[in-house]
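The block underneath contains the structure these notes are about, expressed in structure tokens.
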Amino acid sequence: MTGKAFLFELLIPVIKIVAVILYPMIMVVVMIWLERRVVAWIQGRIGPNRVGWQGILQPFADAFKLFFKEDIIPREADKLLFNIAPILVMFSTLLAFCFIPLGESFRIGTYTLHLRIADSPVGLLLVLGLSSIGVFGIIFGGWASNSKYPLMGALRSVIQILSYEIPIGLTVLTVVFLSRSMDLVRIVESQREGGVWFGLLMPVSFVVFWISGIAETNRAPFDLPEAENELVAGYHTEYSGMKFAYFYIAEYAHMVLVSSLVVILFFGGWLPPFPSIKAFAFLHWIPGFVWYLIKIMFFLYLYVWIRATFPRYRFDALIKLVWKWFIPLSLANFLVVVALRYVL
Amino acid sequence: MASKAFKEIDLNMGPQHPSTHGVLRLKVSIDNEVVLHVEPVLGYLHRGMEKLWESQTYHQIIPLTDRLDYLASLSNNLGYCLTVEKLAGIEVPKRAQYIRVILAELQRLASHLAWIGFMANDVGAMTVLLYGFEARESFLDIFETYAGGRLTIHGMRLGGVPFDLDETVIGMIRKVLETTPKWIADIEGLLTDNRIWRHRTEGIGIIPQSDALENGLTGPCLRAAGMAWDLRRDLPYSSYEDFDFDIPVRTASDVLDRYFVRMEEMRQSLRIVRQALDRLPAGEHIAKVPRTLRIPPGEIYHSIEAPKGELGFFIRSNGTDKPERVKMRSPSFINLMSLEQMCKGNLFSDIVGVLGSLDIVLGEIDK
Amino acid sequence: MNKVRRFLRAFFLVDIVQGLSITLRHYFGRKVTVQYPEVVKSLPPRFKGMLRLFRDEAGEPLCIACKACQRICPSHCFDIEGVRPEGSKVMRPTKFDWKLDRCTFCGLCVEVCPTDAIRFSETFRMSALGKDKLHFHLPDMYLRGEELQSHLCSGCLK
Amino acid sequence: MLDGQIDVAPVAQAFERLRDRFPESVLDASYAGRELAVRVRREDIIPVLRFLKHEAGFNSLTDVVGIDNLKSLPTGRAGDAPASRGAAGAAPSLPAGRTVEATAALPVSQKGETTAASEPPKRFSILYQLYRFPEACRIRISVDLAEAEPVDSVVPVYRAADWAEREIFDMFGIDFTGHPDLRRIYLPDEFEGFPLRKDFPLEGKTGGV
């Protein structure tokens, strides 16, 4: 055996781990650039276009600037929690990426390469769980700053994220119900077998999940925890330098995570459009990973587009929206899906 | 009671807060998110304008009025010039009056476009800010071509206006009359029907009509409270009686109605500009006014309908070329007084919306 | 009926789609940003740039040191002194100081000048390292454009 | 008692009723530029304004103006007689199109001048600019007060006077008795002096804030 096999056993996980850290980071960089450019274009501006080709290096310049900025800790802050908070937020989001498959498993010789680190039959559950751990980071950061605006931002954030977990859970359940699995690869596979994306099958689930996903990531129009016009910068008002950058990166990574989830759960992951129709078989020539990326980019674009278009919700309206509309709606949706599943 | 268990938080909004429109400071006390008390703290931009004016000649004061409401400097110029002319008995040529109307209405449009941008940005719709500013940009270009300035324009003089309207400027104005309605339509498309905008504005910042009058509220805020108070029609100045325009009035007196009133006012302003351009009389653009204007003792109050409300100047002359006292009635200052009543009981997020809807400019409040 | 329509509009997110379509249209629309150092907006003729003194065609200074600008200036930017040279009909300035840091660009001086000697130039880049460099003295007041700018108070540097 | 002729009916009526109701309080009056300026006794400002608001229909207070008369006091600069305080000298002619036709012209009355003349000139004047909506007419009420003399706050009558009176307190140091919240509004609380007084130097005082 065994030199070669051993190499595989050792090398491939290392490469995978590096890839799993790099992949969200690259996506974050692209996302920051995309956001600035797209928002600028929508607003009739050009956006950053000086650093590198079309300003693609702008996020690096920003990161550089933040890296060299003074790291300020407020005198009255709880230093331990103040320092832990950004790490916790960043860590929980990056960890969730371990369970996100990047494409189909494929074989190199005798070795089957799974394009993910951790293989878990309950991957979906883990991802959702990990992404909610970030809320601890937010409340730690808000509380430890010992300042009023961050505290209000953190309080808003907790209430918001906890509320929106419910419709997310309920809509995810419908997907789990149809695919009879919580394994993310399995969910994609079942969409291929079924021949249709779940998003087309259950549009209500998709819309509720997507909107709740925006709220879960604290993005506009649900960006109340960091509403700059009210709370200055929300829970990270007191942060500066690299710690601020951690919050910033975590937020964008979270967006990538939610977009990946939407694509996997509702839009067939790496499957090309119309996986079952013969006439579109030529679409299979494009590798699954590319399809996957295109879809994710579309949803990331949607994030930016929505942000550039709408005003910000007010807190009571936000809570009303989830408790009066989304939870009943997703509950009813769940029941309908269950009923149809058994009737048909 | 349960409310005892909640702790009242005192928050300090400003003077470096992103949405206090400059250097306003608000002392806010909130219970969770509900506003209990708002107290504006002024004076961070106080420059002692009124004291300074007492040492300047009547001509020299005009560029200083630019710095009051810096989003509508021509309106300040107009208010001041009209007051001095009334006091000194200067007859302004008809053509100059018409040009003044055109400039003042363009300035109103520019001011309202900036307002809708700030207002929407306060509520979180940042794109509207850029749209408003892009539309406003063409007005600033007109002012720049006309008088060389964009923000502090100094575009009026005692007795008239410094330059005649030439073909270039008229062409630019005609073009703006074409493009602005499209921008207004786009902004309304983004806001008017939008559910979030409705949530944030409908029923927020209500002030009853009687209280609005009692508090001295003027301008679009008062018209949104159901009173058709517009000095352009009630006490016409500078030939406003020649033009045909409607005064938009709404009754709910909330933030949404102030938005509707201002949006409609922009259309009416376009109408006035169009009429004034079409009927622009020939003649002089400025009356002969002595360079050292000595005004015999007397006192006068005159006010105009500025974009923010009633902008009044009280001037007492003493026979020299400098006024004895100039008092400015700044609309933002008096309007801001109603903030607490509007915000009480609403949520914390609404403070920025209500503040935005009042359309205050700190240069004018702090003088 | 109206209520039903409102509900349907809300349920099918008509307002949301309308907003998104407007922003999408602008996404493909014209961009107005001026790429500043490379592209400079053309300035209108009445643009209020830095003040400068002019000479007539023969190269004679137009300024007759009448101090009208000094008197009208609301912020007291000018300090002018003049003498009548031998055999000349008019006065000529021997000292013409202009303090850029006090100037508010109101244009009153340009308007009162009887000989059109002082006018606005098109130079608008007015930053200098240090407040004293914003004080202009006589020979530099005749400079124009780029030179004026690069000589932001060269008098003090000498 | 009245200079000029009132050519706006509501103002004329209001003035007539005011004069009948408070014969003692009204010191003198002048009319110029569609504005009636009435000087009343300092002690009677509240009843006069209350009457104007509730009975004469002047439902809005536009502004409160404070003036320092230091230069026109006899000890001040010569030449500026205190008589010049009214709008006597300048009655600007309005453009023909703007003048409202006289509907109820009041004759110029001569009585009451003795009251005005007997009053010694005082340091400060406070002017209340009233407006009647929707008839669109103005009336200006003024009171004179000597240095360190307080005046009744009109906030109970017109709430709009709140900040305006605070501003006058800030700038002139005039005490408004009964004002709910009389503090400096623009300047910091520890500021010394009152900047809009004529004896306050334009450049400010050294050792200020």
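Each chain gets a letter, A, B, C and D, in the order it is written, and its residues are counted from 1.
Just so we're on the same page, a residue touches a chain if its C-beta (ideal position, glycine included) is under 8 Å from a C-beta of that chain, and two chains touch if they have at least 3 such contacts.
As the structure is a computational prediction, the values presented were derived from the model and not from experiment.
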Give the identifier of the chain nearest to the protein's overall CA centre, each chain being represented by its own CA mean.
B
Need the CA-centroid distance for the pair subunit A / subunit D, whole Å please.
66
Compute the distance, rounded to whole Å, between the mean C-alpha positions of subunit A and subunit C.
50
Rounded to the nearest Å, the gap separating the Cα centres of subunit A and subunit B is 44
Going by residue number, subunit A touches two or more other chains at 42-45, 308-310
Contacts with two or more other chains, residues of subunit C listed in rising order
16, 19, 22-23, 26, 32
On subunit D, where are the residues touching two or more other chains?
none
Chains touching one another, given as label pairs in label order
A-B, A-C, B-C, B-D
Which residues, counting only subunit D, touch subunit B once they are in their complex?
32-35, 37, 59-63, 65-68, 71-72, 80, 84-95, 97-98, 127, 129, 133-134, 136, 138, 140, 158-160, 162-164, 171, 184-188, 195-196, 200, 202
Flag every residue of subunit B that touches subunit D in the complex, lowest number first.
42-43, 46, 48, 50-52, 54-55, 85-89, 91, 213-216, 227-229, 231, 234-237, 239, 241, 295-303, 310, 312, 314, 316-319, 324-325, 327, 329, 333-334, 336-337, 366-367
Residues of subunit B that touch subunit C when the two form their complex:
56, 59-64, 66, 127, 131, 134, 137, 144-149, 152, 154, 162-163, 186, 189-190, 193-195, 291
Residue numbers on subunit A that touch subunit B, as the complex places them:
39, 42-45, 148-149, 152, 220-221, 223-224, 227-230, 232, 308-317
Show which residues of subunit B lie in contact with subunit A when the two form their complex.
9, 11, 17-19, 33, 120-127, 130-131, 134, 190-191, 194, 196-197, 199-200, 347-352
